[in-house]
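You will see subunit A twice below: alongside subunit B first, and alongside subunit C after that.
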Partner chain A sequence: MGKYIIKRLLQLIPILLVVSILAFGLVRVLPGGAAVAYLTARNIAPTKESIAAAEEYLGLNQPLLTQYFIWLKGAAAFDFGVSYASNKAIAPEILGALRNTMGLAAAAMVWLVLISVPLGIFSAKKPNSAFDHFSRGFAFLGASAPSFLVGFLLVLLFSVKLNLLPSFGKRNFASYIMPSLTLALGYIASYSRILRNSLLENMRSTNVLYARARGLKEKRVFSAHTLRNSMIPVVTNFCLSVGGMLAGSVIVEDVFSWPGMGRLIISSIEARDYPMIQAYVVIMALLYITINLVADILCAAINPKIRYEA
Partner chain B sequence: MEPVLEVKDLNISLKEGCNTYKAVENVSFSIGKGQTLGIIGESGSGKSLTCMAILGLLPADVWDYDAEIVLNGKSLPFRDNKAMRGYRGTDIALIMQNPMSAFNPVMTIKRHFEETLAAHKNWNKNQIKAAALEMLSQMRIKNPETVYNSYPFQCSGGMLQRIMIALAVIMEPSVLIADEPTTALDLTVQFEIIKLINQMRKKYNTSVVIVSHDLNVIAGIADEIAVMYSGFIVEQAPAEEVLNSPLHPYTAGLFRSRPSYSKERLSEISGQPLSLKQRNSMCMFSERCPLKGEGCSNFEMLAHKVSDDHFVRCCAKEMTKTSA
Partner chain C sequence: MKTRFILKRMYRKKSVIFFTIILAIILFAVIAAPLIAPNDIYKTDLLNRFAPPSAQFPFGTDELGRCIFSRILFGGRASLTYALIATTVAAIIGTTIGMISGYKGGRVDGLIMRICDIMYSFPHLVITLVIVAILGSGIYNILIAMLVTQWLYYARMSRGMTMDIRNQNFVAAARSNGSSTAKIIFKHILPNIVPQMIALTTIDFGHTILTISGLSFLGLGVQPPSPEWGALINSARAFIYTDIQMILWPGLMILLVVLSVNVIGDNLRDALDMKMN
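And now, the complex of A and B:
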């Protein structure tokens, strides 16, 4: 297991280098250039002289390779320079947003486990019962409803009509409830079905029959054999789609004005805040890779076959 | 001699909507201590259903079944899943056909032993390990310690089948049911597995029910042979008698299709057995029978006693007997 993790960590280095080149190159190829964007953000008219001065100030007149290495050196130490828009250091600002997004994702994960596991188990215990049909309908709706719509409906019900939960921003614990539920809903819908089908298949499997034939208690047969083995496809699927959750959070953050990475990047693009965009790309790539790594390790932990093949 | 296991009038039918289809009919047999009953018959004849019924492992929402099953003088509560749990693994152990899919791929062999023994005995992990390693080496596994700590997918089919025998015999059950224990294995390994089962039978004086559609397997080990066809035992007698003077045309056909070293052409029984839904009130075998005659079309598969321990379900035999 240790070897497997080290191998995966070493694979990260080339990926991150490519990402850094892309993030750096992005700003160089955009029309207008960084200097103009800087001046616009400062409300200074972009004349020949002011552009030259800005290029001098931002170090844009140095050779490209030198610029890249200066930037890379900073990025490696988590120093991404100063935001054009706010004139403040980028790293603390982006880390604050990152923490909010991660908090949202973690809360969504709690919903996911809390709802989809029991839903999957109860539908599998009595297939084609009323409950199973209800959960199938719920899964169909949940998987096909776009999250902005779900978000608006929740706000309408819990904030406007019932006045129970805050409709936007991050103020207290209650502010987490609706955005995280919105983010989780699509996943709850599909994972509860994956779990149900996988449970039904495993209930009829030879190894469950053999477990019963050895005289194991029904509880043990279910938890150690049926359920345990049924979690494998659920976790594997989750590992594949965990990146999508990050992407999905952009929409949810926008709907609920959540001060996370999604909102940060939208406002930065609007302001053409290039250093911020660069930092965002690098940090998101890092995050994406790390989450995938954790997901893969989770898969290897639950399925010994993967450990031995790697 | 008091029989260890007695199955009386086992009837199993498949439930489908409001219809039921008979899958196993009037199966009765008994096995004495340390004896081996061989059940032979082609695919779909109801051999596995019979085995699973004894263990009470047929799901009640699919199968309807009725019988009297007596183990060591006590009637088995085969309908009661909870009560049966105490018998499974301890009194009646099962060896399955496909060792590759019977073991749980995410659990080590060690955990399989631990959970099985924990379900029935108050042993600690060291006692379990000692007993398991001892059992594994009796199965002629050369590096029991390594095997004990490995995952099923790291073992070969033959290895897993030995482990399965070890897991069954470790509880010293009074009955061992082996449902086609060699079908999934290489020919060279098959012989070895049969020999191991036989050795364990002798050592622990276990009664064995062994199922196969391979006559060579049955002939080598069984004291008594039951031939199944379409849910019926069509012939049953001591092994010698069945092998030397088979009476049912199906049994005779089976023996002719048995590969041997003679130059004689391998003759098969032509045709297909009836599926559950095709079965009706005529002799199940009549469509394929070389002796088919008048009486076959409404023969109710009654058992005809040839001698005290030999019976056959065939109207041709019944006729010859009565007319003689």
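And now, the complex of A and C:
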């Protein structure tokens, strides 16, 4: 197991290198260059003098490689420089937003487990029953509904008609309920089906047959053999969707005015605040890579076959 | 013959027939929009704002007195055309790259797979947003961004299938005939993977509609006053307390189209006995 983890960690080095070069290069490929982008964001007319001053200030007249290493050194310490738009340090702002988005994703995960696991298990226990058909229909609906529609319908029902939940912002615990449910819905739909199909497949496998032949109780066969093996695709997808949720919360955050990464990146794109976008890319890539790694390790822990084949 | 067999298997279920009809109706309405639409989509009438549904305005009017029904019809043209362009181009480019990668193997394959690895280390939406950040918002930049991320799925799948086919006798026979690589790929390999690629395209089409309308909803895609389903919802959100219809109808259209496409795609996949992931 230790060997497997080390191998996976080593594989990350080239990917991290490429990510850092891409994120660094992002500002260099801008039309007009970073200095003009900086001046535009700060509402200063880009004259010859102001461009020269901005280049001096941003360190753009140093050799490219030097600039890259200075940037990399900063990024390694989570120092992404100063926002073009607000002229304040980027790190505190983006980490605050990240915390809010992670809170939202965590709440969505709770919905996900609470709803999709029972849906999946009950559908698999009686395949092609009325319940299974209902859950299949629900899965299609959940995967097809645009999250802004779901979000607004929830707002209409729970905020406007029933006046139970706050319609926007992050104020208290109740603020989490609607955004996280909206975020989770699409995932709930696909998970319950993945779990169901995986359970059905494993129910027919020979090790389950053997467990039954040994005279194990049906409950034990289900929990120790069927369910355990069925969890592998679920865990992989679960971890992947954490990354997907952190990025995919953009629309949900927009609908509910949630002060997270999604709102931050949209306002940064509008303000052409490139250092902020750069920081967003680095943090998202780091998170996504870490989460994928954790997913792989978890799966290797559940399934020894993966450990030996890798 | 084979096509008929697949279609027959696909349309065993009533739900598939039902959603094909729904999709056909919506497609017809959207294509025939200039003939059906009762009003000019840009004509404002400030004396007739938020009008309730009437014979003249079947879904009522919006905040500027424009006909919601007509705007939804034309909005569908935008949403569906852009999604169709994005998926088709991604499918063609991705499948071609995948077939070359799978057939050639070796260095070409290694390089393409490394590019895939790097792309997979970002969530797709992040790549899309970054491209929009560099190029600026607007529907054409969104299409470019979609293309950059979507080709991957097609490349990965067609590569895998090509690698299975590559070693079969008929490909070896074509090679020993002296057929060129291009001829082998397009005449011998492509016909064998087309049904599966169509199933993938169908499912991807649904995702693409959701992404494009989502980005337009965020104000990054189709810009007002041009109608597009996501953009319509974005401009209607300020009036959620006064007139929910302006959000409801375009939202429902997106839902119906994506749902139909997903049901059809899913059953096509089942009919082909495909295993995704």
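As a working rule, the second predicted complex is superposed on the first by the 300 of 310 C-alpha atoms of A that agree within 3 Å, B and C clash if a C-alpha of one lies under 4 Å from a C-alpha of the other, contacts with A are read in each partner's own complex, and residues count from 1 in each chain.
To be clear about the criterion, contacts are C-beta pairs under 8 Å (C-beta built on N, C-alpha and C of every residue); 3 or more make two chains touch, one makes a residue touch a chain.
Just so we're clear, the structure is a prediction, and the values are computed from it rather than from any experiment.
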| item | value |
| --- | --- |
| When subunit B and subunit C are modelled together on subunit A, clash or fit | fit |
| Which superposed partner A:Phe148 touches (first subunit B, second subunit C, both, neither) | second |
| Subunit B versus subunit C as contact partner of A:Leu26, first or second or both or neither | second |
| Partner chain in contact with A:Met102 - subunit B first, subunit C second, else both or neither | neither |
| Touching partner for A:Val117 - first (subunit B), second (subunit C), both, neither | neither |
| Which of subunit B and subunit C A:Ile289 touches, first, second, both or neither | second |
| Greater residue coverage of subunit A in the superposed arrangement, subunit B or subunit C | C |
| Touching partner for A:Ile297 - first (subunit B), second (subunit C), both, neither | neither |
| First (subunit B), second (subunit C), both or neither touched by A:Ala211 | first |
| Subunit B versus subunit C - smallest C-alpha distance in the overlay, whole Å | 19 |
| Interfacial residue positions of subunit C with respect to subunit A in the complex | 117-118, 121-126, 129-130, 132-134, 137, 206, 210, 213-214, 217-220, 230, 233, 237, 240-241, 244, 247, 251-252, 254-255, 258-259, 262-263, 266, 277 |
| Residues on subunit A engaged by subunit B in the complex (per definition of touch) | 205-207, 209-218, 220, 224-225, 228-229, 232, 302-305, 308 |
| Sites on subunit A touched by subunit C in the complex | 15, 18-19, 26, 29-30, 140-141, 143-149, 152-153, 155-156, 160, 233, 243-244, 246-248, 250-251, 254-255, 265-266, 268-270, 272, 274, 277, 280-281, 284-285, 288-289, 292 |
| Interfacial residue positions of subunit B with respect to subunit A in the complex | 55, 57, 81-82, 85-90, 93-94, 96, 98, 101-107, 115-116, 119-120, 151, 153-154, 167 |
